[in-house]
Structure formats: C-alpha cells, structure tokens
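The two complexes that follow have subunit A in common; it is paired with subunit B in the first and with subunit C in the second.
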Partner chain A sequence: MISWDILGAWLSAAMVVWIYSFAYRDNLFYKLAEHMFVGAAAGYSIALALDSLNRVMIKPAITTPETFWTTSWHYVVPAILGVLMFAKYSRKYYWLARYAVAVNIAVGTGLALRTVPIANITRQITATIVPLWGSDPVTVLNNWLLVLITIGALTYFLFTIFPRRAEGARPSPLYYVYRTLYYIGIYGMMVGFGALFANTIMTRVGFLISIYLIYLQPQYWATIVAAILAAIAILLPLIRKK
Partner chain B sequence: MKAAKSLAAILAILLVIAIISSAAWFLKIQLYNPKTPLSGFLVLVGLLAAGYYFMSEARAGATFPVRRIPAFDAIEEAVARSVEMGRPVHMTFGYGTISSSMAPQYIAGLGVLSHVARMCGKYGAKLIATLGVPEAIATTEEIVREGYYSAGRPELFDPAYNVRYFTDQQFAYASAVQATLIRENVGANIVVGPFYAESLIFMEAGNMVNAFQIAGTARETQVPFFVLVADYSFIGEEIFAAGALASGDKETLASIRGQDIGKLLVIVLTVIGIIMLLGGFKLADYLNWVWKVG
Partner chain C sequence: MSLVIRKYIPQLIVSVIIVLSVTFYYIYINDSIAKGFSTADKALSDWAVIVTSFALIVGGVDILRFHLTKIRREGIRQAPFSTVTIALLIIMVVLATIGWYYSYADPKAGITITTQPQFRWLYSNLYAPADSAMYSILVFYIASASYRAFRVRNPPALLLLVTAVIVMLGNTTIGGLIWPGFLGLRDWIMTVPNTAAFRPITIGAGLGTIILGLRLLTWREISWMGRRD
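The block that comes next holds the complex of A and B.
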C-alpha cells in the first residue's frame, strides 16, 4: 500500500540525491529539483508574508477597527512603504520605491549600530586588558598572544592611518613597528580562519551523516533509483555529444 | 571658520543629547537598558562625531588616501578577462538582509556592484546580479542601470537579464545561484556582502567553471572559505573600505578615517589598560560602569 508518507520519503531521498548530483555535473534532475525548491520556497515566502500581513494588520483593522487605530495604527507606515516598493514597475514613479528602500536600510543600519559599541569595542577592550606577567608561563604566553594578535589585527584594518615609506629614504622605526604588527595580525587571523574552517567542515560532515541517516538509508531503494536516474541524465548528453 | 562650524555641530549634537536625557530624567523614562555600560554610548557619540568631522573636512577639500586593497584593484582585471573570454560577470550579495543588522555589509556589497557595473559598461561586459533579498531588487536594478548609462552603454542594460531575484529562502537561493554560475558559464564571480552557509557553495560553483573569483564578507565564520577558494578576497572590514572606494565619493572615503580613529582608540585603551594593571587599577571597571537613569 503506497501512502503519502512513503511517497514523501521517496521524494526526499530523490531530491537529496539529485541536488548532490550537481557536484559532478548539471543535469535534468538537478534542474527539476532546483526549480521545485526555488518555486516552493518563493511560494512559501509569499504565503507567509500575506498571512503575517493579514494577521497583524488587515484582520484587526477590519474586525476591531477601534482597538487597531488606537493601539496598532503604526503598522500602517510599513504597509505604505511596502506598497511604495511596487512603484518600481512604473517608469514615472519608480523613484518612490527609494523611500521604502531607504527606510529599510536605515532600520538595518540602526540595528547594527546599536550593538557595535558595546560588543565590538567596549567588550573587546575589557577582554584584552590582561596581565602580561605572572607565575604561570602558559597563561602569560596566552595573554601575550591575545594582546599582540588583537592589536595586530586592528593595525591590519587601519586603512587611512599608517606610516608611509618615502621612496629612497630609510623607513622610520614607527614604520617597522607598524609592519611587524600588520604581519602578526595577518598570521593571527589566518590561524583563526583555519580553526574556523575546520570547525565548519566538521559541522557540515555532521549534516551529511544526518542526511544519510534520515533521508537516504531508510529508503535505500529510492536512493538507488534516484542515483541511477541522475547518472542517466548526466551521461545521455555526453553520449549524444560524441 | 571651519573649526568653528565643526565645533558648533558637535555642541548642537551634545545639546540635543542633554535635552533628551534631561527630559527622560524629569519624566522618569528609561532611555536605555540599565545594564548597558555608559562607555558604549560615549564611544558611539565619539565615533559619530569623528566621522562627521572628517566628512566635513573632506567637503572642505581635505583628502584621506586609503591604502591599496588588492581585491578591489583586481575587479577591473576580472571584468576585462571575462570580456576577453566572451563570458558574463556575475555578482551576488549573500543571504543577509538589507533590513537587519547585516545592512552595512549589504550596502558595501551594493557599493562594489556600482564599481563592477561601471567596469562592465566600460569594457562592454554582460553583468548578472543575483539576489536573495526582495527589498534590494529596485536598488540593484538602479545601480546596474546607472553603471551602464554612465559608461555610455545603455543598450547593454536589460533588467530581466542583468538582475535576477530568486527567493529569500537560503538554500533555494543558493541552488539557483550555483546553477546560474554554471549555465551562464561566468568568467568572473564577484561575491561581496553578508554571507552565511551558502558562501562555499558559490565559491565551488565558480571554481567548476574556472571563473576569476573575488569574494568578501565581514562575517568571520565565512571568511575562511573565501580566503581559501577565491583568487582575491576582502577580509572582514575591507569590504566597507572597498564600498567607499567604489563610490569614489570623498565624504564616504573620509568616513573610513572616522572608523580608523575607533580602531586606534581600541589599541590605545588596551595598552593604557594593561599599563594601569601594573598600578593595580582596572580600566575595565570604568568601561563597564553603568549610569542608571530614570
């Protein structure tokens, strides 16, 4: 007996294999999976946005207008801005869309600005003020590395303030200090990026294993059939070309 | 006169802050989170004042040369190589949205797009800008149009071809972008903006078609992928400098000097804090001091 659950499991297994098949070559089944994925995602987003608009604004405005206009009237502002976005389809009024975009960008920038001074500046300074001396050599080494790499990385990101080397002249001692810190910053960041890279790859391998265990292994026939179909879709155009 | 104007502007800002703070104190309104240190607010005001000062200096004619950023210089080479190979140039900005805290990175990406669009207009290259953020469609179209028009090549602008929005769902957008890279056989893949897990997918797809790749993000978890796979990469804050360089606007470039002052402040305060530790003083306690208002 074929149930919706079985069909769903076959479809999931097939989608996983077809999406992975792109790693070798673009093919018909990848295109099918991609278009289904993009279409479903776009449709889902539109449904979600409309539902949210209805729940938050349209329904309360119609069913309980008095409460809406006293407590939630401000929802009208983003709604108007949202409508302005459609002005881009008019040659005459496309400039109106800029206002909606400008408010969006301003809100985003404000949100970013709110946390930066505390998280990226004050907390960074307080975390870096550590003693560079003590009885435990490992802690002392750790603290030295922390301070040097932090200051070095900050030096690397100075774009307009840095000692310049005049052509033919002997560089100043400040120039050597700057270059030393600059390189400490670069190498420190590279070590950090290496650790981050390894961490992320570990997570991705974890995802791969969980996808195998959840989608591919239980429906191994679906996996085999989907893999054969993808192989045919990849090989057929190659054979035709020859 | 110039200094007096700047001083007047700073005093005006401080006056507005004082009025708002006094009103909040009288009306017993809590202006901000009482657990937040005052130093954060002072740093923000100081950086805004520094940014404003250098921008007004630039308006008066001062210039602030920015150090060379190799990835930015490579953009022209990438576009020119694509034209030689008869392949289009691709640019995308990542999954981070324009209306969240990722907005500054997105704006930096759009700044780089304006430079890429101008270069494409100059060399007659086809540009494909792909998006996963619906709010940015209008802006992206305008930037690409402006790029082609300012280079005197309006006939190359075709919004349906040049600007492609897919969906705002992360991996659906990623699968569509990687397919675009392969099917259009792009010659250059330029990705600058707020990237999440899709970063490596784009880089690998670009690598499959041997595209010249330039990538950058300020999201430190994704920088390693760009550094590893791209031919040139913008590391972290370099994308903001690149965005300012791309704009070519003196005032925007001057704002970088304001940011540099912030970084110098961190270096100086860290060194002072460590020296103060010798005398038994903890600067961290002062920086974490909370002023309870209202």
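The block that comes next holds the complex of A and C.
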C-alpha cells in the first residue's frame, strides 16, 4: 500500500535529482521540476500574503470588530491601496499603483535611515577605535591590524581624493602613506574574501550533504529511478541529433 | 489625469513619510508626541505589511498571466510545463484558502492557512526540497569558480588561497586532526582581518543607503514609479 509519506519521499527525491541534473545539461525533467517549483513557490508566497493579511487585518476585524473599527480602522487605507496595485495592468490607470508603492518605499527608507547611520556607520567607527598600546602584545598586535586594515580598505575605496604622483617629481611623504595603506587594504580584503569564499563553499557543501541525507538516502530507489529518467532525458536528444 | 496626481502626490507621500519618520525618531519634543509617533510608526509598519501582502498577490497574478501568454504564444511545446506551474499555483492557493476557512469554522482543529495538511504536504515534499536543491546546485558552479579564483597569479591571490584553505580546514573535523591549531587560526582570521576588511564595505553600504534615501527624498530617484509619464 502506497502511503502519502512514501509518495512524498519519492516526489522529494525526484525533485532534487531532476534539479541537480541541470548541472550536466538542461533536460525535460529539469524543466518539469523547475516549473513545479515556480508554481509551488508562487502559491506559497500568495498563501503567506493571505496569512499576513489575516493576522494583521482580517482576524481582528472579524473577532473583535468594535476594537478594530475604533482603533485600527485606518488599515482600510492600505487595503484599498493594495487593491489599487492591480491597476498596473491598466494602460490608463497604471499610476494608481504608485500610491501603494510610495507607502512601502517610504516606510522602508524611513526605517533604513533610522537604523543604518547607527548600525552601519557609527558602530563600525566606534568598534575600530581600540587601544593601540597596552600590556598584552597579542591584543595590541590584533588591534593594530584591525585599525590598519580598516583604514587601508577605506583608502582603497577612496576614489575622489587621493595624493597623485606628479610626472618626474619626487613623491610626497603623504603619497607613500597613501600607497602603504592602499596595499594593506588590498591584502586585508584578500584575506576577508578568502574567508568569505571558504565559508560559501562550506555552506553549499553542507547543504548538499544534508539534502543527500534528508531526501536522497532514505528513498534510494526513488533517487535511482529519477536519475535514470533524467539520464534518458539528457541522452535522447543527443542520440537524435547524431 | 494631471501630472500632479499621477506623479507628484506619490513623490510627496514618500518625502513626507520619510521626513516625519526620521525627524520624530531622532528629535524628542515631549512624552505625548513621542507616544503618538510610536503609535503612528507601528501603524505605518502594519500598512507596509498589508501593502506588501497585496504586492505578493499581484506577483502571483503576474506569474499566472505570464504563463498564460506563454501557452498562447509557444503552443504545445510549452503548454505542459506552464500548465503544471499554473495548476500548482492554483492548488496551493485553494488549499491555503481551505485552511483559512477552517481557522474560522473550526478553530479547535488548529488548522490555519499554512498548517492545512495537504498544503503542508506540498510544502514539505515539493517546495522545500526543490528550494534547497536550487540553492545548493550552485555548489557545482562554485567548484569551477574555485578553480579560477584559487589560481595563484600574484601575492594577493596566494593570500586568498591560503586563507580559504585555513578557514575550510578550520571548519572541518579533518582540519583539527591534521593540526589542532587550524581552529584557532580560523577564529583569528574571522575576528581580526575578516572583520577589519568588511568594516569599510559595511560603512560604504550604509553611506549608499543614506544617499539612496536622500535621492528619494529630493525626488531624484524615480525608478520605483515604473513607466515614465
């Protein structure tokens, strides 16, 4: 007797194998899996949107109507704006959708302008102001590296003001300082990018292993059947071409 | 319609909300104004959630329209695939709506939009594995990218390779078996040079965000309005 669990496991394994088959070549089963994924993802997004609407607006309006119509009546405005977003399909009234987008853009930008100056700029600068002298040589060395690499990388991104070397003339001391910091910045960023790249590889490989353990290994027959189907879908067009 | 309601009023809405939102966050006048701002701020966040929800629904309708047009244009070659997409989209939405209905009709059953059993089955057995596979398929491309990135052409490239190898060995158990110091070295790389190298990039991204905000505020950034009038 085939249960829904087994059917689900077969479907999972088939989806994974068919999507991975694209790594070799585009094929019929990859296209099928891709279209299934897009349909499910779009449906899932709409379901999440309905869930949000339900939580924020519809449920309070149905379960506690008195409170809703006295304190939260203004939620009708974004709901109307949201409906107006469908006006984008009209050639004549497409501009009505802009009102809803304007609210979203403004709220997002307002939030960003409140948090970014502190989180991205002030805190980063204060975190770089560290003691450069002290009793512990390891901490002192680390602090020097931290400051020099930060200033160096900032120097690397300084495109507007930098000391130039005049033709034939001896470079100024400021020029040497700038060049030194510039190279420290490059080397520091190379270390950062190396670490970032290594972490990216590790994350993807970790994902691959977990996918194998969760979806492919438990129903290995499903994996084998899906792989054979994908192989046929890849090979058939090649044989036909020959 | 005049340019004012088509273009200038939406831009004015953006500017007014940004100015009020930032001003009252930084400037304290008195308790009642601060409280009023806090309430209005929460309401505006909810407004954004409601509008975003509608935007997601519009996105779903876009996909539906796109595939219907594709079927009409490309015919039988594309029809099976687009039909699968449309069918799954509709099935997911219908199942979510059934869950929604039961959340009111029979609240004790504990069924909601996202916990409807068939919806969950499709999510767990179709969407989740496909999503993970789509994300991890990049590992195959990263393999070839690594070959190109890790070729030692100059001293900075050597540094990139050495750092990546140390971090990878520090992240795995085999690294600890080869030399226990890899773990400490990886931690040092992540806390000192890595933090320092990404700090200016974070500062740059922050400055970029502020500049984008100022451009929106001063009506210089108008790409969000879509087609030109």
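The rule we apply is simple: the second predicted complex is superposed on the first by the 198 of 242 C-alpha atoms of A that agree within 3 Å, B and C clash if a C-alpha of one lies under 4 Å from a C-alpha of the other, contacts with A are read in each partner's own complex, and residues count from 1 in each chain.
Here is the rule we use: a residue touches a chain if its C-beta (ideal position, glycine included) is under 8 Å from a C-beta of that chain, and two chains touch if they have at least 3 such contacts.
Everything numeric here is computed off the predicted structure, so don't read it as measured data.
Give one word, clash or fit, describing how subunit B and subunit C relate on subunit A after superposing.
Taken together on subunit A, subunit C would clash with subunit B, as the superposition shows.
Which holds for A:G194: it touches subunit B only (first), subunit C only (second), both, or neither?
both
By residue count, is subunit A touched more by subunit B or by subunit C?
Between subunit B and subunit C, C touches the greater number of residues in subunit A.
Touching A:V38, do we find subunit B (first), subunit C (second), both, or neither?
After superposition on chain A, A:V38 lies in contact with both partners, subunit B and subunit C.
Between subunit B and subunit C, whom does A:I129 touch in the aligned arrangement: first, second, both, or neither?
Only subunit B is touched by A:I129; subunit C is not.
Where does A:L146 make contact in the superposed view: on subunit B (first), on subunit C (second), on both, or on neither?
In the superposition, A:L146 touches subunit C alone.
Regarding the shared-chain residue A:D26, is it in contact with subunit B (first), subunit C (second), both, or neither?
first
Now for A:R165: first (subunit B), second (subunit C), both, or neither, which partner does it touch?
In the superposition, A:R165 contacts neither subunit B nor subunit C.
Thinking of the overlay built on chain A, is A:I105 touched by subunit B (first), by subunit C (second), by both, or by neither?
After superposing on A, A:I105 lies in contact with both subunit B and subunit C.
Which segment, 21-29, 93-101, 111-119 or 183-191, is the subunit B region that clashes with subunit C in the superposed model?
21-29
From the superposed pair, tell me which subunit A residues show up as contacts to subunit B and also as contacts to subunit C.
19, 22, 31, 33, 37-38, 40-42, 44-45, 85, 88, 94, 97-98, 100-101, 104-105, 107-109, 111-113, 116-117, 121, 124-125, 128, 147, 150, 154, 156-157, 189-190, 192-194, 196-197, 200
Okay, in this complex, where on subunit A does subunit B touch?
Touching subunit B: residues 19, 22, 26, 30-31, 33-34, 37-38, 40-42, 44-45, 85, 88, 94, 97-98, 100-101, 104-105, 107-109, 111-113, 115-118, 121-122, 124-126, 128-132, 147, 150-151, 154-162, 189-190, 192-194, 196-197, 200 of subunit A.
Which positions of subunit B touch subunit A when the two form their complex?
My answer: residues 36-37, 39-41, 43-44, 47, 64-67, 69, 97-104, 106-107, 135-139, 141-142, 166-169, 171-173, 175-176, 178-179, 182-183, 220-221, 223-225, 227-228, 235-238, 241, 256-257, 259-267, 269-271, 273-274, 277, 282-284, 287-288.
Across the complex, what residues on subunit A touch subunit C?
Touch list, subunit A to subunit C: 4, 7-9, 11-13, 15-16, 19-20, 22-23, 31-33, 35-54, 56-57, 62, 72, 74-75, 77-79, 81-83, 85-86, 88-89, 94-95, 97-114, 116-117, 119-121, 124-125, 127-128, 142, 145-150, 153-154, 156-157, 185-202, 204-205, 207-208, 210-211, 214-215.
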